[in-house]
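Both complexes shown next keep chain A, but they swap its partner, so chain B is in the first and chain C is in the second.
Let's turn to the complex of A and B:
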């Protein structure tokens, strides 16, 4: 598999669609900072209010437009640079040329791995940047339970960690974001099973994300909605079981697609 | 290298695209395939390359059976239909990425291949801006860059100007001299007769008749 990695990583991280994907995330982060964080500095200098970076960064709140936009559109943005690569390979000759040199199974495995990495990094890096930016402007005061300043409660996922070691909470939650959005991004590769349209492939992770959201809100089971529970501020509170089940469900589709691609008889060009 | 195709049948959605094909090919020869569109030339080439699985029969190379002892022939170079490469990279970068998979050749070998087909290795244009002929040349460079023992070329003269055709003919003959087994499909019978040692006529998936080429 590793002989394909260099080729696929270069394709994923050295293409013209990576830039708009990163501009989206980092742009929202900078916009969020100027719209919400910079004005707060006056309050801090006046010593009025115990503001903490942990409650104000892009993932730490759910009321700003930037935060809403980010968690709404990030599945599309993650799939933008690499999501249609399987379909492009099948339609062009690069897939066949690669497969005859290194085999199909490692090629498909590499595709899934690289789409996972692309999704994870494009989702997490802007959040990490925003947290750093916010921390540079607001004090990182350790949140105190019971003050009502934070939406996270003891029922929340990792709620205890948030009040004990908030920095670790942020890192672990960003890891969860990376895991989920990376997994979700593999659906764009798996989408090649039922569509030959590259735009459909890019949009498939978003449709799945929205389907989970709509299903959760319709049956009033908000813990199923990734757009809510993936926010580190936990707009909706989920459980490890639901989180694990959703990630496993997504991966099972990816693995099924990989199996079908490998077994496919009519192959690539 | 001895390539044996024995009673190979391929059925796709009920249509028989290859029908009991049996051929034997040896290194140092050029085998031409001649036939109408959709007769099964490309499908046989894809089967030999391992890009499709055959429904019946077997393909062996030096006694080793495809899909049992190996999936993709070792030392294979191929050009099947109009090549489409990664549009955001230059021709050299495309070949460099592909060469990283096997790591058998270096950058200098890729440059030589590009020069052989009449492309400029230092051309900074992405393949998105390549003409049809340039893409075809790049496809041929891709097929020959790793010194193939088995060279499968489907319509290699597509989109090429007169000079390009001459260059490609020269390359095919050079590869033959090096001992490669070459399978060539072409609609231009005259060119095929000039190049091939043996020509197979393909009709509706059957390779029933063949004619000896001028050589």
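Let's turn to the complex of A and C:
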């Protein structure tokens, strides 16, 4: 297991597709900073109530194109470096060899774990970078609930924490983002059960993400839409039960599909 | 001889396009049925009576101009976005996949790269037209089931409050169907060309980003604006987004994408990476 893990981590984090995946997030963050944060710096000395970094960073607002693009495309970007590795391994000789030498269970567990880690890091790192960049330019004033300057209400998920300890709120919310996008990324492993097309495997997390969005907007239950509730500014407000159910659902399907994957011709039994 | 080969190649591509994408086509049909049920349900619920143009408006209408402010919320028009993004997913993967499948046998047998690329572009256009045709047919059947007219009574699209009375059938067909088909074709050709160089996933992502930017910025450079009825000049009053201008821009983009693709594809190393 340790050997697999070391090998797979190296494959996931030392490949040429990781760079465009990270450039996407960091590029959007820098673009967002120049488009929306730099022009705001003049406000700081203008004598008006200063705008807080907590409400202006990439995850803290839902009016910009960059924020929308990030939360729309991040499932594809997360799956870019490692999403098709399962299908490539199983179609080649690595999968069969790994199963013969060490058993299927450690192989599948490693794949799921590394897939989760890749998704979580690619989603969270640009957001952390953006928060740091915004905080370097705007004051991190603690938001006041009565002023109406923040899109988050006290009834939102962790709303009380946002107004009491906003920095912890941001960290916890980024953790939720990492958990969700990491879990979603494991669906690229699960995709092997119903497709042999590696492009389809990369896009499977995105389609599940969009399916949840479409279902939520169609039945007017916006709390189901991860593209809205995963934003730290909470475009749609969800509950812990729904969040937990969605993560559990994704994990259950991912694990079930990965273990059910049998291809005699690929050496996978 | 050359002509006959070309026709055979095009027929082969169209046939294999369908064979490889039969599940995607089934899902496309399901999406059309879903859009049909949703739109007629909401029209009957809010307006009482249905008609074809109002139903089409629900999907092809898109969104009004987005006005950026610190308290605005940017949201994508769900049905319009679903309809177009699924189309790009449907068409974007076949050409790149076919280039490397069977060690590029299809390309070797074609003899010229130009013919291969032309054939791929034609099969993509055929698929786009059929996608719209399937959607239109589903909507027509839905309208027939609901007992609606084609043009709204009173000449106003009820839910949007847009006046269509006085418009000729040609004008309406151009605005509702022909221009969106042109936009999809231009972007489809661009996606096919891009997919050969940057891969199908990245080209699909770029198209999604381009369509999202079209919703954000109401500018003629983003030709996705022309596929949204709310943004066309006869509705929005923005003279930069006229129907004729849109068709011309689509033609230019499609020709440019094709020409650049043809030039670059001649020099492309087609051996798959190890």
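Just so we're on the same page, the second predicted complex is superposed on the first by the 260 of 269 C-alpha atoms of A that agree within 3 Å, B and C clash if a C-alpha of one lies under 4 Å from a C-alpha of the other, contacts with A are read in each partner's own complex, and residues count from 1 in each chain.
As a convention for this text, contacts are C-beta pairs under 8 Å (C-beta built on N, C-alpha and C of every residue); 3 or more make two chains touch, one makes a residue touch a chain.
On a predicted model such as this, the values are computed, not experimentally measured, just so you know.
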Practice task
Tell me which partner A:22 touches in the superposition: chain B (first), chain C (second), both or neither.
Solution key: neither
Practice task
Could you tell me if A:94 is touching chain B, chain C, both of them or neither one (first, second, both, neither)?
Solution key: first
Exercise for the section: Return first, second, both or neither, reflecting whether A:113 touches chain B, chain C, both chains, or no partner chain. Expected result: neither
Practice task
Determine, under the contact definition given at the top, whether A:76 touches first (chain B), second (chain C), both, or neither.
Solution key: second
Practice task
Scan A:4 for contacts with chain B and chain C and give back first, second, both or neither.
Solution key: first
Problem - Which of chain B and chain C A:214 touches, first, second, both or neither - result: second
Practice task
Look at A:12 in the shared chain and tell me whether it touches chain B only, chain C only, both, or neither; answer first, second, both or neither.
Solution key: neither
Problem - Contacts of A:62 with chain B and chain C, given as first, second, both or neither - result: second
Problem - Residue ranges of chain C in contact with chain A within the complex - result: 38, 68-74, 76, 78, 82, 85, 89, 93, 97, 199-202, 204-205, 208-209, 212-213, 216-217
Handout entry: chain B - residues contacting chain A, complex
Key = 12, 46, 49-53, 71-73, 76, 78-86, 88, 94, 97-98, 100-103, 139, 142
Handout entry: chain A to chain B touching residues, read off their complex
Key = 3-4, 6-7, 10-11, 14-16, 91-94, 96-104, 265-269
Exercise for the section: In the complex, go through chain A and note every residue touching chain C. Expected result: 20, 61-65, 67-69, 72-73, 76-77, 80, 197, 199-200, 202-203, 210, 214, 217-218, 235
